[in-house]
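What follows is a group of structures, each given as structure tokens.
In what comes next, chain A is part of two complexes: it sits with chain B in the first one and with chain C in the second one.
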Partner chain A sequence: MSEHTEHSESGIPVKHVIGFIASIVLTLVAAYTTVMSGLPVPWIIAIIMILAVIQAVLQLVMFMHIAEKNPIPQYGNILFGFFIAAVVIAGSIWVMSFGMSDMDMDSGGGSGGGSEEMDHSEH
Partner chain B sequence: MWDFIWNDFLVTGEPIIYGAMASIVLATVGIVFVLTYFKLWKWLWDEYLTTVDHKKIGIMYIIAALAMLFRGGVDALMMRTQLALPNMNFLNSVHYNEIFTTHGTVMILFMAMPFIIGLMNVAVPLQIGARDVAFPFLNAFSFWTFFFGAMLFNISFVIGGSPSAGWTSYVPMAGPELSPEINQNYYLLGLQLSGIGTLATGINFLVTILRMRAPGMTLMKMPIFTWSALITSIIIIFAFPILTIALALMTLDRIFGTHFFTLAGEGMPMMWANLFWLWGHPEVYIVILPAFGVFSEVISTFARKQLFGYKAMVYAMCVIAGLSFIVWVHHFFTMGAGAGVNSLFSITTMLIAVPTGIKIFNWLGTMYKGRIRFNVPMLWALAFIPNFTIGGVTGVMLGMASADYQYHNTYFLIAHFHYVLIAGTLFGMFAGLTYWYPKMFGHKMNEKLGKISFWFTVIGFNITFLPQFFLGLMGMPRRTYTIEPEWMPLNLLSTAGAFVLAAGFVIFTFNIYYSARYEPREKTGDAWDGRSLEWATTTPVPHYNFATVPYVNSHEAYWDMKETGATTYDESKLEPIHMPSYKGLPIIMSAIMFIASFGLVWHWFWLAIPGLLGVIICMVIRSFDFDEGYHVPIEEIKRTEEQARGRKE
Partner chain C sequence: MSEHAELKTGPLEYRREDGPLTILGFWIFLAAEVVLFSTLFATYAVLFGRYGEATPAHELFEMPMALTMTFLLLVSSFTCGIAVHMMRKESLKGLVIWLIITLALGLGFLGFEIYEFVHYVHEGATIQSSAFWSAFFTLTGTHGLHVTLGVFWCTAIIIQLIRFGLTPVIARKTFVIGLYWHFLDVVWIFIFTAVYLIGMVV
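Coming up: the complex of A and B.
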């Protein structure tokens, strides 16, 4: 019962193939930047974050039909998706820093030491 | 060569394992013999292995779930036997570790998950008036990847050795340094393989429910079980990718020597726990929400009343879905995070009790002044409410971060989550299976045997797990393989209860056989005087489900139809029905994935790489498959419907 309406006339899903190849290229560029480019760390982080946003937009347009007129808008699910993404990333950083990264200044954070080292040495 | 097979490949040296091997070989020979002797191979291939029919896929899911329930149950009995008395020598510590690991993994991922997905497959398309799910091929593929993932995990106990780091598989215990054998790889790849199927199921049901409802059925007119399936699908879609990534990272750590979760190389071991529970907590709601949906249907049907507070039920499930993603840290409060982290997650955890409490009161409200029929599905629902509430209340106790330092990883926790998962999910699945059984197989399950198995299960369950709360408070830690003498009386009681519980399951299974032979066949499609669309079609359900789809005006579509005398067979509206064709590719592709994963488990790249190429070839074959299915002609629909409905008069 799947509908084959989204294929172009030749039967090849051009949009999807372009999106797929572009996603792989963007991922390879990100991997190259991180592993082999030798740039300073802040630059690497900035570049891979920009690449990630580009790829997310690309996938929303190429695969997720976000530009098409949809009879049933899915704003709820899209917003929920952003909420989950924020929770996973920000939540993980906060929890894995033991919630101490901003406590070091005023209270010494219990066991002292920079939060960066603490992440790795506490357990 | 033989040396490798005997010493590393096969698990040797334990009489229990030899027994298991012998029984596996005997069962396989027996199945092959029966299939060959009765010439059933072609029937099996044509009717089941290649099917894309959601009803048959649902049945296969449920059979697999019951088989896995047996396997996980045997694990449980072995553990309870070992813990019955101090210094028992039934299992050694390594074997005990393997058994609690497989018990947990099998029960959650290969029993609860396929059971809920099986019931969703059976009921959801029928409840919304659809002819099948949105992507029938993908549905078959989901089942087969789940099935082969489960098989990959299960063969570990005779080939290579079972994983032994707990179902949570925490590093560094599960990492390459402390578990250098291949055991943990089975966990990683078995879950990865079945996780693909689960994710695909989530997408499939989301699209099915959003796009394929009967005309007139707005979201707020959907049956409540369909609502629970919708919310579950959304949680699956957002939660399972996290597990996929976490498993992939640990696979890289273990097989390719990266350092995501190892201390060496600046990895973060606790990051595994963090990612695992980011998936793991929503997973808890994935397995409980469909059970809530089943109970809502069952209580409304057997109290002979409309569901009380339909909208509140829906909103409560939405709130639970949202909250389920922001409580995960309560699984590792004792990691020692700061007060800010622990108190935030304490509060969100306790917040979940609010929507759950709303649901409990709605069920009570539905029963209030209802004329209750005490059939077996209703009994499960009635037992669920008090038992699940005990689980919920102890959950709130565990959710207080400061108190959790006392309860953490004691038997108090074990008792809590068994009260939630058995009284919630398992009772729900048994209720759902008994409730929809007549729709699936054309006859009910025997009431008398059903009631006997119900009482054995409920009483056995309480004798098993109620003492464990007190054992936990006495300080008995989880995952210990011997007990102290002062814990003996309650442990002995708990073990005795486990065998009563097992007897309940055996009677339940025997009831399936007994009912197939002796129960009277269903004459109408409406076995329980039901209220939603699945009872509107005939039994057995024609493969196209509905000859004509009715217009829906409320969330009790069939109740309205009964009042106006409408049926799902309106001769003036008949049209040829578009149906998908059966395909062999899903099972073949999943089998190739199984082989590739098995190669990866053993670091045999000569097997894994060709396997992955095979998977890609299968994807290409599928991409160029332009089979659009077939149309059921009007004559055939007329013949089927008149034959089925002729019996009614």
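Coming up: the complex of A and C.
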């Protein structure tokens, strides 16, 4: 027989309902922050990214049973995956932000700072 | 044979000795998928705003559309969670019904995504239009492809459930498709936030 330790006997488990409602609320708060709040853009980006991370953790814990007692622990790999993902994304943005302002098509490409950097890289 | 030893208690998908190992293997696959999507997100972030001659994103992205797709996938993730719950209560009928609901919601999501892509192409934003739109269609398209694969996979699992019933092997397969489906929702949360919301505000 299966164990019912974490679930109510009848119908839909409480844990899933909490996760589901929290996800909807977080989505709506993120949408509201974006469209209606009128905050400065960097603030909006920071807030909605934090909301997204919270929602992702909710999915992992509430629906994917990541913290559940298993014969083999399962969270190590996925945490490492998220670590690599964060490094790849943050690293790419960081590296590619150098000199990006000089590469805009409107500015004609060959402004002072940009060509100096080009010279350095060629030597 | 100890290989086929089955426990009598605990969730069905963990009872065979190879069940937990297969599920662990699938978590490793998901970790690799996280890294795959991270490269696409990084490309998108780096090429953000490089529209060239094409229409900018904030003129095309619409909140009702993005929210509808998000809710379809959120609800399908929830129904998929219920399906796995039904499996753990050893209710085959409940499991199949909730999986079919999940499948229908997944198809709804795909329908909206295809409609969205067609709409953008009509507005002059194709994968060839500019660096930004290439990155956009690659990122959302890769996610859409994963959902499509999930729909076929889920259909195959439902057929197996109906034909063979709830055995530890099929239970493990069902648990794995469940993980995959939730994972697609996790990726979509970040697409919704980093692509649609930021695209509307910047």
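The rule is short, and it goes like this: the second predicted complex is superposed on the first by the 66 of 123 C-alpha atoms of A that agree within 3 Å, B and C clash if a C-alpha of one lies under 4 Å from a C-alpha of the other, contacts with A are read in each partner's own complex, and residues count from 1 in each chain.
Going forward, contacts are C-beta pairs under 8 Å (C-beta built on N, C-alpha and C of every residue); 3 or more make two chains touch, one makes a residue touch a chain.
Quick caveat: nothing in here was measured; it's all calculated off a predicted structure.
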Query raised in the report: For A:Phe98, is the partner it touches chain B (first), chain C (second), both, or none of the two (neither)?
Result: first
Query raised in the report: Who wins on chain A residues touched, chain B or chain C?
Result: C
Report task. For A:Ile89, decide between first (touching chain B), second (touching chain C), both and neither. Result -> second
Report task. Once the structures are superposed on A, label A:Phe80 by its partner contacts, choosing first (chain B), second (chain C), both or neither. Result -> both
Requested in this report: Would you sort A:Ile45 into first (chain B), second (chain C), both or neither based on which partner it touches?
Outcome: second
Query raised in the report: Residue overlap on chain A between the chain B contact set and the chain C contact set?
Result: 1-2, 4, 72, 77, 80-81, 84, 88, 91-92, 96
Query raised in the report: Touching chain B in the complex: which residues of chain A?
Result: 1-2, 4, 11, 72, 77, 80-81, 83-84, 87-88, 91-92, 94-96, 98-100, 103, 109-110, 119-120, 122-123
Report summary line: Counting only contacts in the complex, chain A reaches chain C at residues 1-4, 7, 12-13, 16, 19-20, 23-24, 27, 30-31, 34-35, 41, 44-45, 48-49, 51-52, 55-56, 59-60, 62-65, 70-72, 74, 77-78, 80-82, 84-86, 88-89, 91-93, 96, 105
Query raised in the report: Within the complex, which stretch of chain C touches chain A?
Result: 9-12, 14, 20-21, 23-24, 27-28, 30-35, 37-39, 41-43, 45-46, 52, 63, 67, 70-71, 74-75, 77-78, 80-82, 84-85, 88-90, 178-179, 182-183, 185-186, 189-190, 192-194, 197-198, 200-202
Query raised in the report: If you look only at chain B, which of its residues touch chain A in the complex?
Result: 131-132, 134-137, 210-211, 234, 238, 242, 263, 266, 268-271, 274-275, 278, 322, 325-326, 328-329, 335-342, 578-580, 626, 628-629
